[in-house]
Amino acid sequence: MLHFDSDYMEGAHPELMRRLMETNLEQTSGYGTDSYTLEAKRLIVEACGMPQAKVHFLVGGTQTNATVIDGLLARHEGVLAADTAHINVHEAGAIEASGHKVLALPQHQGKVSPETVKNYIADFYRDETYEHMVAPGMLYISHPTEYGTLYSLDELEALSRICREADIPLYMDGARLGYALTADGTDVTLADIARLCDVFYIGGTKVGALFGEAVVVTRPGLLPHFFPLVKQHGALLAKGRLLGVQFETLFTDNLYLRIARHAVDMAMLLKKAFVERGYKMYIDSLTNQQFFCLPNEDLDRLSQYATFELWGARGKTDTVVRFVTSWATRKEDVEHFISYL
Amino acid sequence: MLHFDSDYMEGAHPELMRRLMETNLEQTSGYGTDSYTLEAKRLIVEACGMPQAKVHFLVGGTQTNATVIDGLLARHEGVLAADTAHINVHEAGAIEASGHKVLALPQHQGKVSPETVKNYIADFYRDETYEHMVAPGMLYISHPTEYGTLYSLDELEALSRICREADIPLYMDGARLGYALTADGTDVTLADIARLCDVFYIGGTKVGALFGEAVVVTRPGLLPHFFPLVKQHGALLAKGRLLGVQFETLFTDNLYLRIARHAVDMAMLLKKAFVERGYKMYIDSLTNQQFFCLPNEDLDRLSQYATFELWGARGKTDTVVRFVTSWATRKEDVEHFISYL
Amino acid sequence: MLHFDSDYMEGAHPELMRRLMETNLEQTSGYGTDSYTLEAKRLIVEACGMPQAKVHFLVGGTQTNATVIDGLLARHEGVLAADTAHINVHEAGAIEASGHKVLALPQHQGKVSPETVKNYIADFYRDETYEHMVAPGMLYISHPTEYGTLYSLDELEALSRICREADIPLYMDGARLGYALTADGTDVTLADIARLCDVFYIGGTKVGALFGEAVVVTRPGLLPHFFPLVKQHGALLAKGRLLGVQFETLFTDNLYLRIARHAVDMAMLLKKAFVERGYKMYIDSLTNQQFFCLPNEDLDRLSQYATFELWGARGKTDTVVRFVTSWATRKEDVEHFISYL
Amino acid sequence: MLHFDSDYMEGAHPELMRRLMETNLEQTSGYGTDSYTLEAKRLIVEACGMPQAKVHFLVGGTQTNATVIDGLLARHEGVLAADTAHINVHEAGAIEASGHKVLALPQHQGKVSPETVKNYIADFYRDETYEHMVAPGMLYISHPTEYGTLYSLDELEALSRICREADIPLYMDGARLGYALTADGTDVTLADIARLCDVFYIGGTKVGALFGEAVVVTRPGLLPHFFPLVKQHGALLAKGRLLGVQFETLFTDNLYLRIARHAVDMAMLLKKAFVERGYKMYIDSLTNQQFFCLPNEDLDRLSQYATFELWGARGKTDTVVRFVTSWATRKEDVEHFISYL
């Protein structure tokens, strides 16, 4: 059986495992005060081309979102996000559990448009009763989105400008950031993201690490007491060097982008095969998640050979499905699967 | 200048003030343990025709919603509500501040349909990832809604049945309940509400009291440790007898319904006058809130004589406005205003 | 039966009731935007002698503490307070419910000493693991304390200096502030409090009002978005003018202090009588709460004529009791009670 | 330089690393639904001798405490714990951040006595105002405690009985449980703990794992919706099988206890050496944390050769220090250190 369910089905990239093994019996201080962590931070700051940026390592995505958002918002503020955003749908209420409302915005294929954000903020402050309502205190976007789509540089510039005019931080959830940065046709670089977002994270869990997310704070003074907040959110890893070692390895010799690019290549292979055989794309995704509308008979047939996710409920005649590749996807497996199409 | 802005512009009905004066220098124990409170509870239970019901008095609506919802939900649950619901829009995030997500549902004129609720719950548990999402833990409805509309008995029966099948409480926000119970054409009585809802509140602030809301718990065993929760939410009035005296008075000689009916009469007078002069109703409300589409020139002219709320932003040519009557609205003032129409 | 249980057994001072009656049918806008509220704020600012102070009215004490403390603390901070503080004992966990730890300090008769506070803060930052601990983010004191005791001006100056050096706000719970300001032998004035505290509240519930507390913010820029926070905490009264009318009256013709002084006089009468008859004071309180150690036989005998609180559990031979007077206590009742001593 | 700072200075026991390597490229489903996790749960249930027990894996200790306690407590309840408890001191307010008060109890060397707990509960419900206070909703103990001390079976039986009589769960923080179970002189077995506690966790982070804690729920029906709560707390590991593989390995061939026993042996070696040389034990600990009072000149001298923690502030002449051993401590290092004593 072949598996295209998600991008976190394996452990870590072998190079990370090798480094974890090599350093396993070294003794270091805890909580991210070790030299591996310092070096990993240095490498990430360098990759972002932003010397004043601060980097923090957390363990997982939901945890990172909850901690960062809690740190950025005042009590009376909420977070603007696409109604399809991970924080609005698939984090079991973690944002609300720390006291904040997700202000859900209409979206297209997972993306919120600059106009939508701009109008929301303008309408909010135009409403005479706005002090009875939850103020938009920050904007959350994911890149790639939950639908595998990408913001263009123009869109990102516009969102950033709107946020700065409104004096609210722009935060990017980069759980799959590697797959965005290496997609064909994207015009957004890591340096652009560092320049345009106030906070973002570089996802490790879904891009080669056992676990781990690197939060980058680009605006000096934001998240001033982040360490105790991380601890309070249960997001502080005792053996912090495990995050340091992994991210140091990922950001050495361009490994992060190289393995991400492999996943994108595999996704494009799949996409090409589906399209050539006349299947309809549900979304034209450039990244490692691919969505197709399959006739149910094809769905059932392919399910004999591979696992993948239904995207929503099974339809009467056709069903939307999601195929996900990763740094670990083997080309022979993709080709093998294509042979069944 | 005449005022139709809201139903909480005056103090209390004179009969309540008289009783507060009469009892002012009596000494009673605090926190609702006094005899006025006990008697008020007895009268409300009697009015509901439900001997096993428990009654609790709180001070205001947002506070009541936050406390009740916090008491009804488990940590992993959220509250289903119309996206226009007061708790979703105008409570400054009070529900989220106590850790719970408002699961916003599409609505029509402020009402959620039984089908919408039923489908939401069914779809939720059909989703394989539902344990990553916020579970629907209760249903919140307002009656009248924020748009002055009313549920029919059939609709309420259906909502109640769906909730009981799903084993989640049905909670009614009755901030303006008097105006619902006395509307022409409603087929829903207080006894129906007590029978069909698990918890609801009878609004005092907007129906004759200085302040105060009477929470009625009809399902035994719900909200088992409500007193400390009320205290924790800052909703416990030290001089609890002020609530007792007011509600005792409201539920003596049918005062609550009599004064509510007056407001409805005044609203109908207004509505008839607007309609007769050819103005368009925005919503055909049977209760004390009336919504009209006014040409902007009429809006500006009428604003010279009376205050009332714009419902949303001013339009290019026409604007939706809200007129509110109350137990205190004087017939001569309504007639005076109509003379300007 | 005579009653010395608490200072909130009656309604409001008759002058407040008279004004509430007079203004009852006036129509005003809600939520504290009315002219009575504005005038009450002006009078309080004037009484404090601090033109830049901001005043906000809330309904009750626990609510006020929870809202103010939530507004003053960052997420990683807690509130320093005597272990006997109302917020640590008798608010049903309201502070923790909004996410903050009460950092309990040893106290003497309800008062924390400047040394205790200073050492706590110094020790905290000396601890190498302090980022794993809850940072002291503000200091809460009550004046009078829960034991009726008072801070001297020297003590208050010292506490204020320590807080300013540590850059944390000093907040005073003045639920019974009137009784502190009018005690014989106090050298602390309202102007001192305004000068030395960053935020404090002037209690109405226990000093002549039906309900209501006036929060005074003396440091510009503190509590910047207080209105939505008040709403979120369920502490916003719809008919805000009820608070305005009451506090306007209390701060006209010195009423607040006059009626508080009466309570102190009555307490001193009681104290003198107990002491003259050889009973032991448990605490030498200068305010309206008096604590005595009574032999159980006297306790039982006096309980036939009056109600009062046991302060802690009944002892084997002697028991500590609390007698409370208020603005409403009648001299003939005190004398009547003394005749039974 | 030798290191005795903590028991989480290395990575994982080599056998765990070997298994993580072996399974690294296998594809499994996420979030703990894989077969390694199922097998690890089976082994732990078997080790506990309690077939009805449920096991859940989380990442770290603070996270585990916050999630479990949040799941066990009702809103109006707090958690009883020693004032020295990790949750009261070193978790940055994580318990309060999820809304609950830590009800701090006096302790001796980190242990709360059954009498203390019993009296607290009895006094609480004897207090007439108890509904204004935070109810004791569960008891938290750590075993070993933060001071390395252990409960005896008698003490644990008594605490369990008191909790069951009061109908509140007993929860044990077993961050270092292995070191407790293998201490000389302990009469408490894993089966005893499973029988007497309602929930406890078996610490992995400090006993051989990269990270990971195994929560064991022994009372059926407790923590009914734990999965979404874990997710909400940011404690759900995407690649859950990492926890499964590690705990499967730890609970195969008795590895967990074998490596824990090694740490205890190393600690006893240290202790014997200190005592033989006439140093004073600060606490007579049977587990892997050892506390001594060192003259400052010895402290300074030994600091040239090894790192270890000061336990509190440096004293004028003597200072309390903590030495920690672990599964990874090498005998030759201990002997080397002893040669400097």
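Read from first to last, the chains carry the letters A, B, C and D; within each, the first residue is number 1.
Rule of thumb we're sticking to: a residue touches a chain if its C-beta (ideal position, glycine included) is under 8 Å from a C-beta of that chain, and two chains touch if they have at least 3 such contacts.
None of the values given here were measured: they were computed from a predicted structure.
C-beta contact counts were set side by side for A-D and C-D; A-D has more. When the contact pairs of A-C are matched by residue number against B-D, B-C or A-B, over half are shared only with B-D.
Taking each chain's centre as the average of its CA atoms, chain A and chain D sit 34 Å apart. Each chain gets one centre point, the mean of its Cα atoms, and the points for chain B and chain D are 50 Å apart. A separation of 42 Å divides the Cα centre of chain C from that of chain D. For chain A, residues touching at least two other chains, in rising order: 75-76, 91-93, 97-99, 131-134, 228-229, 231-232. Because contacts link each chain to all the remaining chains, their graph is best described as complete. Within the complex formed with chain A, the residues of chain C that make contact are 70-71, 74-76, 98-99, 131-135, 225, 227-229, 231-232.
Contact residues on chain A toward chain D in their complex (touch as defined above): 3, 5-6, 8-12, 14, 17, 20-21, 23-30, 59-64, 66-67, 91-94, 97-98, 205-206, 210-211, 228-229, 231-239, 242, 328. The touching residues of chain A, counted against chain B in their complex, run 75-76, 78, 89-93, 96-102, 104, 123, 126, 129, 131-134, 310, 313.
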